[in-house]
Structure formats: C-alpha cells, structure tokens
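What follows are several structures.
After this come two complexes, each holding chain A, first together with chain B and then together with chain C.
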Partner chain A sequence: MKKIINHPEQVVEEMLEGIVSAHPQYVKRVQGFNVLTRAGGPSAKVALVSGGGSGHEPSHGGFVGRGMLDGAVAGAVFTSPTPDQVFEAVKAVDGGKGVLLVIKNYTGDVMNFEMAAEMAEAENIQVEKVVVNDDVAVENSTWTTGRRGIAGTVFVHKLAGAKAEAGGTLAEVKRVAEKVVANVRSMGMALAPCTVPAAGKPSFTLAENEIEIGMGIHGEPGTHREAIRSADEIVDHLMEKILADSPVAAGQEVAVLVNGLGGTPTMELYIVSRKVAQMLAGKGAKTVKTFVGNYMTSLEMAGFSISVLKLDGELKELLLAPADTPAFVQF
Partner chain B sequence: MKKIINHPEQVVEEMLEGIVSAHPQYVKRVQGFNVLTRAGGPSAKVALVSGGGSGHEPSHGGFVGRGMLDGAVAGAVFTSPTPDQVFEAVKAVDGGKGVLLVIKNYTGDVMNFEMAAEMAEAENIQVEKVVVNDDVAVENSTWTTGRRGIAGTVFVHKLAGAKAEAGGTLAEVKRVAEKVVANVRSMGMALAPCTVPAAGKPSFTLAENEIEIGMGIHGEPGTHREAIRSADEIVDHLMEKILADSPVAAGQEVAVLVNGLGGTPTMELYIVSRKVAQMLAGKGAKTVKTFVGNYMTSLEMAGFSISVLKLDGELKELLLAPADTPAFVQF
Partner chain C sequence: MSVAISALEAVSEAIGRNKEYLTSLDAAIGDADHGINMARGFDAVVAKARTLPPDADVGTVLKTAGMTLISTVGGAAGPLYGTAFLRAAGTAQGAAIDGAAVIRMLEAAINGIKERGKAVRGEKTMLDALEPAVEAFADRYKAGRPLVECLDAACEAADKGVAFTKTIIATKGRASYLGERSIGHQDPGATSSFIILKALADFCRQYESGEN
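Coming up: the complex of A and B.
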C-alpha cells in the first residue's frame, strides 16, 4: 500500500485537523468529536447536518459553510459515524429552528442518524431527516436496502442549504430536500479500485482492460463488468440508464454534476461532460449549470459518476443562490 | 492504457469542447484555435494570457474569468502550444491596455510565447512577459534551463489577475506578477506516474514501495527516489527545501497551496496540509489562506506539491480579492 499518510488508524483524525487548519475561516471542530461545524457557530436558521464514512472528501466537511451545511460528521473510512457523533453535531449546530439530517442511503448511516435524531428529540431539538438514493445502477446492494446515495447528495446540500439560508422553516427545508431527491438521478463507473488504509489492499480488482459499470462509492458491485469502451459509449450507457429512470422532456431545465471519484484526470471528466452536454441538448433539455470535479470521491478510485437534477423555478433559484464553503463557492 | 477517452489524438479538442459546454457563462473558444477566452470578450483592462501543454487541468482554462486570466492556450498533452495559437489568444483578449503573458519556465513554452509576443508587437499590441520558476527541486531539468514553473503559477494568475481587474497598468500588473514570482516557492513528489494518451504507457515507473522527490509536472526527474516514508516526513523534507530557499521569518504572512497532481485522494492532501500548517506555525508564520485541491495536475499522477507564497500588504489584498472562474471562485 503506497499512500501519503502517517498511520492507517490516524487518517480521519489528521484529515480533520488538516481541514480545520486549512480553512479556519469556514470550519471549526467540536472538541473531542469527529464533527466539523461552521466557524461562526449556530445562527437563528434551520441547520443542516450531513456526513457518513470518510474517504469521500471533500464530502462532507468541505461543504460546511454559508448556503450549504452547518455540520458534517466523519466516520471511519467507508464506515458510518456512530449515533453519539451525529448527536454531537446536531447539538452543536441547532440554533433553535431545528435540524435537517441529510443521509445517504446506506443501512448503517440510516440507522445511526435515526438513533441520533431520537437522542436529539429527547433533548427537545426538532429534527427531520431526508434519505438520498440517487444511484440508479442497482436496486439493493452491499450495505444498502434500496438505491444507494451517491454524488447527487451534493445537490441536496446545496439546494436545501440555500433554502435554510433564506430563512425557510424546517418543514420547508425538508420539502426542498425531498424535491431534490425526487428529481436527481446518478450513475457511475470505475476503472481502478481504491485501498482503504486500514485494509491495506484494494477492495476489488479489475483486469487490465476491464471496467465496472454502476460501481458504488465504496466499491460495491455495479451492474456488470466489461472491456473498456470509448468515453462516449460509456457515457451513453450511463445517461440512458439515468434518463430511462427519470425522463427529461424538451425544454426541461437541468443541473449536471460530473463527479470524479478521486483518481480521475480532470481532462477525462471534461471529455465525459462534453458527451453529457451533447446528449442533454439532443433531448432538448436546457442545462442551467454544470459542475465538473471531485465532489464525492472514493479515495483514489479512478472513475466518475454523472448526476442530473431536474429543476423547476424554485430549485433553479436555490441552485444559483450564493454559497461559500471550502469546496463549493458560488457568487 | 485504461483511460476515459475516445481517441488519444482527440483528447485536447474534446476537453476544450467539454470546458466550453460546461461553463458557457465563463468561457468561449476562439474559433479554429485551442484558445479559451472570457465569455464576455475583451474589456478595457490589461489582459492576462497563460497556457502551456494540456494535462494540467484545471490549469489553465479553468482559471479564465473575472479576477484571473483573460485567455488560456492549450497545447497538446505536455507539449508547448505553438506561437500562432498564443498569438491568437493575445489578439482575442487585447482590450487596448496591453497583454501580460504568464509563462511557466519550460524552454518550449518560453520560446513559443516569446515568438507570439513578437508577432503581437508587430501588430502594435503591447505585450509583456513573466516567467514563473517556482520549483526549488532542481536547477535545470528535462526541457528546462533554470528552475521549472509548477503550481505556484496559480498564485501569479490570481494576484496579477486581481491587479489587472483593479485597473492596474501593464507595467503595474507585470510588477505584481514578478513580485509573486520572487516570493513563491514550490516542491512536489510523486508516488505513481501518469500516461500520456498518445504514448500509451507510463512515462516512468516506480517500484512498489518507491516514491520520487522533486518530480516535475511532466514526470521530469526530481532530486532522488527513496522508499516511501510517512506523510509528515515527506512534507518535512519538501518544506525544508522550500524554506531553505526562501526563509520565512516570525510574523511573516503567507499563502499556501497544497496541490494534488490528479490521482491523489483529497484526504491525503489534507493530511499533507496539516503538517504544512504545523511547520509554518512553528516558524511563527501567519497563514492568511490555504488552498487544497487539484489546481495544476499531471493527468492521473499520484502525488502532490506544496507552494508557499510570502505576502506583503499589496499581495495580501490581491490574494483576497474576489475571483470568479470555473475552477477558482472566491468572494
């Protein structure tokens, strides 16, 4: 295992120290917990908490800041954070208007965030939950009942975060988050695996010429393996699956996220993005904004995912609202 | 070779199409050339043009926008753009106040940008040049006389771009760029190579347990190879070299860029950033802002570089000025 780390057991701790020391203007740490909150502390608005296993950086700590998250909880690599950690995040960010938990659909995450919600409610903090399940690749998977939550989650952070920033009530922020979940679909692929530091070896292997379609962000199996094809053919397949599940009519406004899994050259992400744009234009869709880069990674996995979010007037306005966080800044 | 591309000969063309289709609010293409300029066209300010070989994305097209570059020229992968391409960029962005060329110090880049400057001057466009040579690893290298220009170049784009945006004259913008060059130092390392699409195989090989210290962004040899050590030990070595070349006194304000080379997990970049922050704090330096991510990549190379920029009042103000580009947004 060749990694730029100190000790496999220290990666989460040292990463959190790194984020806080790099971005003190944005985030601070809840002492004794793997929780990052906004540097300025809670304010009188609905607060958003997300998180999950580490290894998906900049998710989730990189999205803590104005217009997105108020708190992020970091579990061990690819492992759900424990309920007490989530509970600490909720307590730290609550400004009296309630807290929305944004949960990617993995059995452990859902269970632990739900337990944290119960702990918070016992202390009279209003908590609501939304579960993101944007990955159209497979129904049920390792660690998941139903669809997995992947990079489309970033759109939930962005748009629900904007609604909270604009003074929305907890019910309104939850409604927006659920509307995003209903309208976002994603699918990914991988051409090389990643290695969890504590495991010391790749979580799966692919032959020299082989790729996996529909791979999850923890290396969960996708729909199938095949010999590598052209970028356009791969994108065509992923987009067909996405659009079959959530058809886009002519004139439909959309937002697109072409997400790198950590080891993919930016050049290749733009070659993917080009084909996505062509296909959406071919359907008569109007792409309002496209994001290209590493937003929801899987350590150094090589591959990408595509997320398409269908917009209405409300979602478009929230998409384009300002945000100021370590990893997502928008005027 | 396993890559998400269509044809090795088409990667630059398709990447440029991808950037333009993803970010039409920021950039447009000069028809028939591998040149990106601001979507709004030239304005009555000094214009900045940079560029070089492709494969370093988001450099340089990703930094075209308000407060940074006006034009970016894309050569073939790891190959200098030709003078006629640079000349087209200069013509496209000149708003009558002159153009500053920001050149990374590689023999081909320097020669071709200089020829373009002569072509522009023959058409009565005022052109100035600045050559960035921030890499302290080695004196002279493959393709370079003197030090190489690497990720510190992004600080030149940012600060000189801010000066131009603020209405600085060509001489003033050049002076700022030269001040940044005089005050920025960088050094990198690699733990896995990259493959140029047209070559089809890695440009060098490293043993299972081996890293290269001082590696250039095209795979040029560094100072030496060694068995991998801890992140802290590697950072310690790079920072000692940087600070030996450009000592930082107690109280000195600095900006830091921890740059991923394309295949490095964001988690590891933050582990690096943590140690950089500790070392600078240990010197009594005050870090004004830290940037962590993929800014000047080498396709999918695994590794990172550290850049440290010493600030005075003027440079600090320019560092913190707003910027709005596809890959660098700051309020």
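Coming up: the complex of A and C.
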C-alpha cells in the first residue's frame, strides 16, 4: 500500500481537521464528533443531514453549505457512522423546523441512521428519513434489500437542499427528496480497485484487461466482470441499463452526473459525458445540465458512474437554484 | 475481576486474532472491513469494561458492551451486535447465569438481531450460525447435559451454520448485491458469530476446569 497518510487509524480525524482548516467559511466541527455543520448554523429552516463511510470525498462534508446539506457525518472508511454520531449532527443542525436524514441504501447506513432517528425522536426533534436507491446494477426484487444508493444521492442533496433553503416544510423537503429518488438512476464500472487504509491491500483484484461492471462505491464487487472495451461501448452498456429501467421520452428534460470514482482523469470523464450526451440527444431528450467530476468517490478507485435525473418544472427549478458549498458552487 | 469481563476479554482476543480472516471473507462478498470494524469495537468494549466495578453484574457488563459496540463499530455489525448484547443484558439482569439463563439471553439476542436487521434464518447472515447454536444448546440442556457440553454442541451447530452459508444466495446486506455470485463464499457475520461463541465456550471450559 502506498498512500499519503500518517497513520491508518488517524485518516478520518486528520481529514476532518483538514476540511475545517481549508474551508472555515463553510464548515465547522462538532467538537468530539466526526460531524461537520455549516459554519453559520443552525438556521431557522428545515435541516438536511447526510453521511456515510469516509473515502467518498467530497461526499459528504464537501456538500455542507447554502443550498445543500446542514450537517455531514463521517464514519470510518467505507463504514457507516454510528447512531450517536448521527444523533449529534441532528442536534447540532436542528433549528426547530425538523431534520431530514438522507441515507444511501446500504444495510449498515439504514440501521445506524434509523437508530439515530429513534434517539432524536426520544428528544422530541422532528426527523424524517429518505433512502436513496439509484443504482440499477442490482436487482430490485422483493427478496433483496433493494438497490444500492450511489452518486445519484448528490442530486438529492442538491434539490432537497434547495427546497429547504427556499423555506419548504419538513414534509415538502421530504417529498422533493422522494421525487428525486423516484426519478434518478445510476450505474457504474471500475477499471481498478481501491485500498482501504486500515486493510492495507486492495479489496479485490482485476486482471490487466478486465473491468468490473455495476460496482458499488465501497470496493464491493460489481455484478460481473468482462474484458475492457472502448469508452463508448462501456457507456452504451451502462446507459442501456439506466434507460431500460427509466425510459427517457422525446422532449424529456434531464440532468446528468458523470461521477469519477477518485482515480480516473477528468479527460476520460469528459469522453464518457460526450457519449452520454449523444445518446440522450438521440432519444430526443433535453439535457438541462451536466455535472462532470469527482462527487461520490471510492478512494483511488479508477472508474466512473453515470446518473440520469428526469426533471419536471419543480425539479428543474431546484436543480438550477444557487448553491455554495466547498465542493458544489452554482450561481 | 468480574467473570463476565474476563469472558469479554477472551472474545476480544479471539476477534483480534481473526481480524484479517474476517476481513478477507468480507472482501470476497462485501466491502472488506468486517474484521477491522469488529476488532475496533471489541478493543473499545474491553477498555470500557475494565472501568466497571469488579463486582459488576452480567447485565451491566453486557449492557456496557452493547452500547460500546453501537458507538464504535458502525456498518451493519454495530447495530446488530450492539442490539444483541443490549437484549441479552435485559434478560440477564440480577439472575444467576445457568443454562436456562444462557438460553434466554441468546434467544433475546437473536430476536433483537431479527428485528434490527429485518432478517430471518436462511438469508446468509449471522442468524444462520446463531439460531442453530441456541437450538443445539437448548436440546442438550433439556437433556440434562453439563454446561460445557451444551456450549460445545452450540459451537458445532454454529460451525455447520457457517458452512451452510457457503451454499446459499445472500439476500440481506451487501453480499445480496452479488446475488448468485455470493454462492461459495461463507458469510463474514455468521463467521464472527461463530468465533464469539467459540471464544465463550473455550473460556467457560477453562473457567470450569480452573474451578474444579
């Protein structure tokens, strides 16, 4: 393992110290906890709290700021934060209008955030939850725990955050979050694995010519492996799965997120977004906005995911609303 | 020092010894952190338990362990094992720990895991080790066998349960995202449950032989 770290046990602590020292105008730390909140908060609006394992930067601390999150909870690397940490975040950001928890659909995240919600309710804090399940790679049958939540979660942060900023009630913010979840689909692939610092070795191996299709964001294996193909062919395959699950009609407005997993050059992400744009245009869809870059990473994993969000008038307005956070600035 | 605390130390030692093994099992079907998370949690459990008064009862020790696991492990294992220890603590309070109490504690722990994880046996989870273990324990206990023999039977059943998880498709947790690709891999959670039971059985055997 070759990494720019001091001690594997200290990576989360030192990263959080780094985020706060780099972005004091945006975020502050809840002392004693792995929780970042808005520097100026709490404010008298519905608050959004999200979080998950560390290693997905800039998720989630990078999205704390105006128009997106009020609090972010960082677990150990690729491990959901514990209920007491989430509870601290909820207490720190609640401005009296209630708190929405944005949870990615992973068993551990759901359980820990549920326990935190129980703790908050016991203290009479109004809490609602939304579980994001945008990854079409895995089956959505009745016998699974459902789809994973991956990069499409960033759209939930953005649009529900905009609704909260506009003064929406907790019920309205939750409704928007659920509408985004219902309309966003994602899928990813990997060229190379990543190494969790505490484990010290890659969580899986791929041969030189192999790629993994349908990866999650924790280095957990995808649905299958195949020989490497051209960028266009890979995008074709991922988009086919995304559009099969959520067909885009001619005239439909969409937003696109081409998300790097941490180890892929921006050049390659743009080659991907080029093909995505061609395919959507071919369907007669209108792409309102495309985001390209590292939003929900997996340490240094090479690869990317594509998220497509179908818009209506309300979602489009919230998408285009301003946001000002360390990793997402829009005027 | 409380026997219950010594038992937790034995469990923590066994988890620490199997940290890389559990992590490697998780790498095959999950996200390669089960051993790391469990070791971090049980290290904290031992540190916390050692601050308890030497005469702390079993209920207090288990409750402390449960709360510590919930606040340190994270992932799915934290809420599941934490809930299991808290539920076991609830039935252990004030009672002498005999075979009947062990059965009550294990059953309460299993019910807690089922409720928290919304899982049942046969879904390639820790329940596939724990449920057969408590059944085997109860069978021997009702037949009037000594405690150590009951524990050995429980471990044997848990071990078989772990082997059984190799043959089935995961439908809960991260391994479920692999679907049929999960066949052939044993469940890391079932394995850590077996390791914990085995450590407790070994501890009891040593404790009893030391007493005699």
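One rule holds for everything that comes next: the second predicted complex is superposed on the first by the 326 of 331 C-alpha atoms of A that agree within 3 Å, B and C clash if a C-alpha of one lies under 4 Å from a C-alpha of the other, contacts with A are read in each partner's own complex, and residues count from 1 in each chain.
Heads up, the rule we're going with is that a residue touches a chain if its C-beta (ideal position, glycine included) is under 8 Å from a C-beta of that chain, and two chains touch if they have at least 3 such contacts.
Keep in mind the model is a prediction, meaning the values are calculated, not measured.
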Looking at the overlay, does A:A199 come into contact with chain B only (first), chain C only (second), both, or neither? second
Between chain B and chain C, the one with more contact residues on chain A is chain B
May I ask you to decide whether A:Y270 touches chain B, chain C, both, or neither, giving the answer as first, second, both or neither? first
Can A:K3 be said to touch chain B (first), chain C (second), both, or neither? first
For A:G75, decide between first (touching chain B), second (touching chain C), both and neither. second
By the touch definition at the top of the document, which applies to A:V184: first (chain B), second (chain C), both, or neither? neither
Examine A:D84 and indicate which partner it touches, taking first as chain B and second as chain C; both and neither are also allowed. second
Partner chain in contact with A:E220 - chain B first, chain C second, else both or neither: second
Of the partners chain B and chain C, which touch A:V49 in the superposed model: first, second, both, neither? neither
Does any part of chain A touch chain B in one structure and chain C in the other, and if so which residues? none
The residues of chain A that touch chain C in their complex are 53, 75-85, 106-108, 111-112, 115, 137-139, 143-145, 148, 196, 198-199, 203-204, 216, 218-221, 223-224
So in the complex, which bits of chain B are touching chain A? 2-7, 11, 14-15, 17-19, 21-23, 25, 54-55, 57-58, 62, 191-192, 194, 208-209, 211, 228, 230-232, 234, 256, 258, 262-274, 277-278, 289-290, 292-294, 297, 299-300, 302-304, 322, 324, 326-327, 329-331
Chain C contacts chain A in the complex at 23, 27, 29-33, 36-37, 40, 70-80, 116-117, 171-174, 176-179, 181
